[in-house]
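The next part holds the structures, each set out as structure tokens.
Each of the next two complexes has chain A plus one more chain, namely chain B in the first and chain C in the second.
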Partner chain A sequence: MPSSVVGQTPSLTTFLKSLKQNDIENSIELFISLLKRRQIKNSRPCAIATTHLLLRVVAEPKRKWDAQKLIARVRHVGRRLIAAQPREMAVGNIVRRVLGVIREVAERDEDPLTDSEISGSASPITGEFQRPALPTRFSEFSPLHGAAAMPHNMHSGRPGTADSMAMEFGGTPQRPALLSTNASYAGQGPPGTSLFSILQHPQGRSPMATPPPGTQSPVTGPSPSRRAIAGEIPEKLDIKAEVIDGIKELQDELDVVDNQIAESALDHIHSNEIILTHTSSQTVQKFLLTDARKRKFTLFHAEAYPNNHEATHATILNGAQGEDDSDERWKPLTSLGITVILIPDTAVFALMSRINKVILAPHAVLANGSLIAAAGASTIALAAKTHHVPVVVLSGVYKLSPVYPFDTDELIEYGDPSKVVPFEEAEFTDKVDIVNPLYDWVDCDLVDLYITNLGGHAPSYLYRIVADHYRMEDIDLNAKQDAVVKKG
Partner chain B sequence: MAPKARKTGEPLEAKETLQAVIIADSYEDRFLPFTLERPRCLLTLANMPLIEYTCEWLASVGVEEVFVCSGNHTDQVETYLNNSRWTKDTSPFSLEVVRSTSTSVGDAMRDLDQKGLMKGDFICVYGDVIANIPFDAALKAHRARREKSKNAIMTMVLREAGDYHRTKDQHHRRCFVIDPETDRCIHYEQVRPRTSPRLNIPEEVLKDHVEIDMREDLIDCGIDIYTPDALAQWSDSFDWKLPRQDFVHGVLQDFETFGRTIHTYIVNEGYAARVNTLRAYDATTKDVVSRWAFPYCPDTNILADQSYQLQKGNLYKEDGVVLARSSTVSHRSVLGKATSIGEGSVITNSIIGRRCVIGRRVRVENAYIWDDARVGDDTVIETAVIANEASIGKKCHVKRGALVSYGVRIADGVTVEENTRITRFKRKRGYDNNEVCQGVTDPKVVGEGGEGFRLDLDEDEEYMYEAMLAGAQELNVTTDGDGISDFESGDEEDEYAHSREPTSRSGSFTSIASDESGETKRDHAKFHREASDSIFDGLQREQDPDHIQLELQAQRLTENAEDNQIRRAVAVAFSRRIANLIEGGRTAKEAVATAILPNQRLIKACVKEAGEQAEFLLFLQTDLVHRAQGSKVLLHVAFVLAGEDMVDGDGLEMWWEDPRSVATEELKKVRAETQPVVDQMAGESEDDDDEEEESDDE
Partner chain C sequence: MAEQGGTAEQSKTVEEPKVSAVELKKRAKADKQARRAAQKEQEGAPAEVPPATNGAHQEPSAQGQGVQQDQKGKAAQAKGQQQPKPSKQGGQDVRPERGGPSQPQSIPPRSKAAPAAPSKELPKRDNSVVELLSHLYPIQRRPNLAGVSKDVHPAVLALGLQISTYEICGSSARCVAMLLAFKEAIQAYTTPRDTSLPRHLVSHHLSPQIDCLRSCRPLAESMGNAIRWLKKLIVELDPDKPEHEAKDFICEEIDRFVHERITVTDQAIAASARNQIRTGSVVLTYAKSAIVEKTILQAHEQGTRFRLIVVDSRPLFEGKRLATSLMRAGLEVQYVPFSGLAHVVKDATLVLLGAHSMLSNGRLQSRVGTASIALQAHKADVPVIVCCESVKFSGKVALDSIVLNEIAPPEELLLSPIPEKSPIHPAGVATTAVTGKSAVTVTSAAISKDASEDDEPAKLKTLHEWSSISNLRLLNPMYDITPAEYIRMVICEYGSVPPSSVPVVHRLANEGM
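Our next item is the complex of A and B:
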């Protein structure tokens, strides 16, 4: 749809295109204004744009980075981006992940001998970030049910990722090395980890099989073999190149994240279940489509009026479309023989007693396991709680933010009231304050399971993934600046 | 007409740079006294200059080149823009300030055309537009039309707004007649305030279009898509000033001749409005604060140094606001950086700028207080605008509709009456001269120790002033006491439109013209309407008098009209032209000179004998009864006609003695001032005789 238009209005697509021509400062400013104007919005486009932008920042030509300089630079850019639209938390998440990559490279650079792949035992600091590429999904650990374990060749069987890095890194040959890393890590990890893992999974799986704390999405962790090669190169690592590789891996993660989540669909949705979902989400659509190929279920789709109902209707009618850069389209669920019933958000409570599972897509997930999702999600989650219906949240790790919510009001954006009451209804709008919150806050108590590209997790476990993906130093980008200043 | 390589098709078109023109000068006085010192586009709305909203919207639309046309206060506009992010390397578009000495939108457009800056179709907006509407569809529709026909020279973007909307201009209701099939605007008129709505839709319009929409529910947000052809149209017509009343009206009238069309694009999502009156300022601010213009709300922090945060009830606070514990700031307010509010003060529904100091126990309601203003203890401010650095003393009362300009100081205990405009500067004499000088402080208005005086609108602006009061009264009836009524300000366009109503006068003529009846009467009325319209148009576009004459002749032959009808048409056309010049800001004398002197031949052609001359004057007199400054005009006309020998003494005398010229009180009143001319002329003709005799003697 947008491609047929004159192509003047800036959007994610034009931004990505312009990145190649514009110089870096221009691109940063452009991204900031696009964020402010909400011309790039929602987590995925924001994340994609941020990775591309940071890639440009790092790859800035004619510039030699040392690690500290690079960190300072990325932080600086990150702060500006976050200030532009603090409620798009994916931006901050990506910035922090990139910072993590830089630090990791820097640490390796400083002391190449402690590299875990070479020494075989990681120091706690470096080890945390030299995550092994784990071959399996963790969806089988879902507390909801004990499904059969993933087939081993899941990677290669993944649809639509032929060109992805996953193929490059996800192959089996690297696996043997991992086990040792895992083991060594488990030994050094916090003592509570294994016990925690046991409690975490009521099925009583063996600790070995629980997601190790060092879990990261498989594609993001640089492969051990590459590591080894990198480590063998004497002294100076090319920081720039290494970081660029890291960011590219991040981009690949964004590419495949939906597919990875969708892979676990069969474990969660069973024949003849009645599912309720809300708003149009690419992730949820893929998830359901994957399942629909094998099974029949009934879907209730709450339309998310007034901010997202049009997209929802389009999704039901024509299938999902990529959020902004839509080159691929999927068939609607109905074409696979699934009964889809569109309901208004208000009917959710009445129907909840018949529903087996609620699937939500968040806008952002916070460190304590609570989430921010399109307005209406809170109602659904509360209704589900009342009826003891499990709530499953599908979220890529990139949506997982290290921010802990102190003031939940601040996180919610208020949109244009004309969606609620049309502008023409002047008599009315003159006298009444109309608010249109775009997001809802859903507390962690109301969520039963998170499915990320790493697998399934209980909300209470998310803090651990946060710890794995983000460095402590980077969690507060502003505060750290002070610390750096003090140090300097 | 335009050198356009349209045929190459889509891909080339996409590459075309999208250009935009911002008309930064309003060429109006509705924001007096603020616009004395600062251009309108730099006034702040919700603590951000208006032009920022406009630029931001243009950037969001994907414009790549912007030209800012500025007449007045160009330096300030330029300085501001040079320091803003729009001229930095990172700006999404290139921006150039076009300096010109224009005194109207028309001048600015002609200037642009001359400079040849516009390469293709472009967006034309005012520097006071606030919009967030998506524009792709409008542009696409426009381009599709252009592909089909080169005559589609302009697209107006209009926002649907229902019958009554605070943001819609209630004063001059703009009425668009649109063919819904082609979105073509086929007729445009402004309905005068306080009159029962009545449109004069030409017959052809009804004949040619199967379906027409007559819409009065549209906000004219001043966003147009122009083509180079449209620009050329401006250049062709030297006296067009206003984009709607002159340009749209003119082009539509010439449709029969040139076939050029103007289209509309009606938007029904998003926000678009123009801040062109104080009332609109009030309404738009409310819209921005209640997030209708999302994402252009204070908490988006569009400017890099802003740090607004939204709190419950649409209350926006920037960092570093100091609120006393016992103060109350209630909903729909905006507080700028480093503003402090004293104990026990109550702020409701108000915008307060940066670094303001509000004293203790102050009550501020629906007010706009700009940066660095000070308000003393126990003061009450209601629905007023307090400009930058103004200071209000203790125990003052600023009443509704008061406007306190930059740097004015109001001493303790003073009451500022309703609708007072207080300023420190005034415009130097001479209307076109925009220099300002400091006025003399009037202690009666600002109190002892204060600074500033009351700005009384001078003679030329009298109409506006009247319009303001009248508007306020009317609005008080409809929207009872919500405060905004006082923000009504006058409007010159409006008066102007009045003078263009083509047929309203014709009725009064039948009484004196002749005793016609039935069909002939109607025929005559029709001829009169058409002829006078075409002459008037010719005059307005300053066509060659021979040309006008030719056209008139043709019309006369087709309608088989009599001579006296032609005289009547000419008289009325001149009278209208003069009235319109006067409303354009000329004095009666200038107007008469501009209208008549170049077109002497036209008058001479239809008045030859004394009897005809008398009749011509009579027609003129009758028409001038309704016009502004009619008596003055008549005086000058008589003077000029006599001076240039278009009318001789006999003709004047015959007219003067004609019983029809004193038939009513009004007629008498109008001609009263002309008495001396007639006396003199009568005397002169005798003198002439004497002189001739004398010369004969020699």
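Our next item is the complex of A and C:
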């Protein structure tokens, strides 16, 4: 393998290598150009590249961060990356996760300081530690409403009436408290709520635990006095180191996500089942390989013509490819004794009456449980629904996006029409409009089960996972943060 | 001869008093060991298999299940392995056997056959049979002239070759071509002296022609109806009619049939269907149906302004031919691969489909993929209209696409001609990578070859080597069945009817003549 970047097609591996050599701005530019030229495609490579890039950004040598500046920097970089390829939602997901990491680290660092302050004050909400209200974009009726991180400023001037207050601003519920300091950023459990904490702070508690009153996110700009007291410099270094740790945990999560999903394979596929799948997804292959070691089943594999069929054929014949173009391949299912039948996409409805399960791998999963998957998935899911065949979707949490699909057309990316009809056929390509959508939107009604690295969930539960992993204020990266910065 | 495994055991022990039970046991043990050795050669390390009862239709080609046979001693594996002894059978189920394992009455021939049986049976249970659809195998495609009966008229033979290579494709086209070929065959026929034309022509002259066509490709429903009509016509002829008059009469009747039931019918259907296309309509169609093409051209000539979406699929790409001919006629055409269906069906206002046949339970049998089109259209509330001549209506019923279907040769699914064995050298890759579509397959295989060490042989396979992988099958069905609830209307020469009226029209048109 030539070591210079020049001799190879740019891709994830070359980008990761160049990351060590280039300075940050160049790396960002390189990544943006890779995204724009679609030399880096599909959720996992994009997620991996984004994580590495953000790690570099945060770990910028000789740069001292405080949480606010760090968040602003990451937001800025994130905006640029997302603008490069808005339909690669994994990029945005990772940016938001990193922002969440930063906020958590910052909050955690503030906690010990604020507690000492609280004990003095009777009312938890008075004083300068108030956050101005953040307008929320989620209506009261949307499921994400409950996950909104609402600023405590609601209570300004009217202690104890948190719930009613929030109406004006469109949302009551508070962010669930982070009680454990060693929580993994990758897999947060449901936030701790306990009767103890309710009893401790009886004012205006909604069932979703609020952070201990008085706790302020440092994002909002704690007063300078406190900062000075705390000692700035060690705190900033801590933030950097801890955020780097958090991002590394994110990287680890991305590495093991397929294995975690495959752990539940044996629960879902039994002997002599007939499974249908399509495209050459590595996640699905690992899932089925784990199962194939113990069970015998039959697999109908729909090639996804015209965008993925060669990769699908290669996967069936030679096994799933390892991480990005590496030479090692997993064993093909046929070598483990599984009968694999390759069918054209058109035959899906014809055979669906004999299929027991459908397994899909998405490109992105949206907050309401619907998904964007490779083109053809919609037809498969509809046919499965007609024949009452369960549809199982395998997806890591990194693919889960806090976006609601209001306009599903916008989420579809179009591919190269020459894959359908080569440009040599000049008359045809000239006069006929050739459309080659790469993705399909599949509604949440058509999916029966999501298997993520956190386990299995119904589509209706995904909003909760979104709430656990993303912060309300990070969802729209274009929003101005000035309001947040203002001190009370 | 296939016999029940259980009864085989008892009959064998009853009929062979000369060989003692001990001898039997010894021989069987030796056979089993030989079998095991043969098995181990073929299989790698097969995964353990729980002794689950396979569904009968799941009895796959034996090589995948070698382990089961070996360890559990199930006689039922259709590999034709030797019968297990009664003692070994124990509590195992013995399945009825399929295929014909040799069931000799005496032991010695069987032990000779033991090592030979695995290799003999293996090619029979080959890779290409998908068990689910095994009733549709072997695949009928005659590629060459060898083995053709001497009675087959050359016109029919030529037609058979054209049909098997999809030169003539589409059930109306095949029906018309077949009748025209039969006209020639009938004109060339002479009645032998001691019999009469009505009695002799059908069974001795027409049947070989039909068999020849059937061996090239299974007959379409329209062809079946036409043949039934023709046979009826011939048999009801007056035997005293002089031969040349009878032959002329038959040929005229054939012409009339083609004219009435296909040519004029097509015009009538097109005239009726084009009224469904209004200004601003977006018509979606799939693959290539001659009658839908006529409808669209007529509507276009009428001056209606509409646009067209053509959905196409692998491996036949019939939609491309339709799109080309309509594009040349001046229509605004959008061409979409099958994966883009969900995206374009939202824009469509009308779906026009052709048919291979309409079944008596109201279902539509048409090119594979049509059911998905109708399903998506139904979900998007777009009306689906089927244009179908009555000659395609059938008395058959089907609930799913498995029972009535045709399997095409799996080689048609392969993407490109077999690439030459290119050397791993990049220069070699470049030369072979020039040819159109094959470029992508070759280069992807070649790049992966390049990526591996240069001295290692290229280990990655392409789809052309599918038959060397024992558990891999390619399935290429030709038709699927669309449920009646997705079809709004069927337009035939008797008018526009709902799908539930198909059996009525069938009786009228095909049986009540």
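In this section, the second predicted complex is superposed on the first by the 343 of 488 C-alpha atoms of A that agree within 3 Å, B and C clash if a C-alpha of one lies under 4 Å from a C-alpha of the other, contacts with A are read in each partner's own complex, and residues count from 1 in each chain.
Please note the rule applied: a contact is a pair of C-beta atoms (placed from the backbone, for glycine too) under 8 Å apart; a residue touches a chain by one contact, two chains touch by 3 or more.
From a predicted model like this one, the values you see are computed outputs, not experimental measurements.
Colleague: Quick one: classify A:R293 as touching chain B (first), chain C (second), both or neither.
Modeller: The answer is second: A:R293 touches chain C but not chain B.
Colleague: Between chain B and chain C, pick out the one touching the greater number of residues of chain A.
Modeller: Ranking chain B and chain C by residues of chain A touched puts C first.
Colleague: Once chain A of both complexes is superposed, is A:N478 in touch with chain B (first), chain C (second), both, or neither?
Modeller: So A:N478 meets neither chain B nor chain C here.
Colleague: Report for A:T334: first if it touches chain B alone, second if chain C alone, otherwise both or neither.
Modeller: second
Colleague: Between chain B and chain C, whom does A:F349 touch in the aligned arrangement: first, second, both, or neither?
Modeller: second
Colleague: Touch check for A:T379: first (chain B), second (chain C), both, or neither?
Modeller: second
Colleague: With both complexes superposed on chain A, which partner does A:S33 reach: first (chain B), second (chain C), both or neither?
Modeller: So A:S33 only meets chain B here.
Colleague: Considering only the touch criterion stated at the top, classify A:I434 as touching first (chain B), second (chain C), both, or neither.
Modeller: After superposition on chain A, A:I434 lies in contact with both partners, chain B and chain C.
Colleague: Tell me which partner A:E424 touches in the superposition: chain B (first), chain C (second), both or neither.
Modeller: Both chain B and chain C are touched by A:E424.
Colleague: In the superposed view, which residues of chain A touch chain B and also chain C?
Modeller: 422, 424, 427, 433-436
Colleague: Tell me, which parts of chain A touch chain B in their complex?
Modeller: Within the complex, chain A touches chain B at residues 5-10, 14, 23, 25-26, 28-30, 33, 36-39, 83-84, 409-410, 414-418, 422-427, 429-430, 433-436.
Colleague: Write out the stretch or stretches of chain A touching chain C in their complex.
Modeller: 1, 271-272, 292-296, 298, 300, 304-307, 309-310, 313-314, 316-318, 325, 327, 332-351, 353-354, 374-376, 378-379, 382-383, 386, 412, 420-422, 424, 427-428, 431-437, 440-441
Colleague: Could you list, by residue number, the parts of chain B that touch chain A in their complex?
Modeller: Touching chain A from chain B are residues 13-14, 18, 56, 59-63, 85, 88-92, 132, 134-137, 139-140, 143, 159-168, 217, 268-271, 290-292, 294-295, 300-302, 309-310, 312-314, 331-332.
Colleague: Spell out the residues on chain C that touch chain A in their complex, using ranges where they run on.
Modeller: Interface residues on chain C, with respect to chain A: 44, 46-50, 52, 54-55, 58, 60, 64, 67, 130, 132, 313-315, 320, 323-324, 327, 332-344, 367-369, 371-372, 375-376, 379, 400-402, 405, 413, 415, 436-437, 440-441, 444, 448, 451-452, 459-463, 465-466, 469-477, 479-481.
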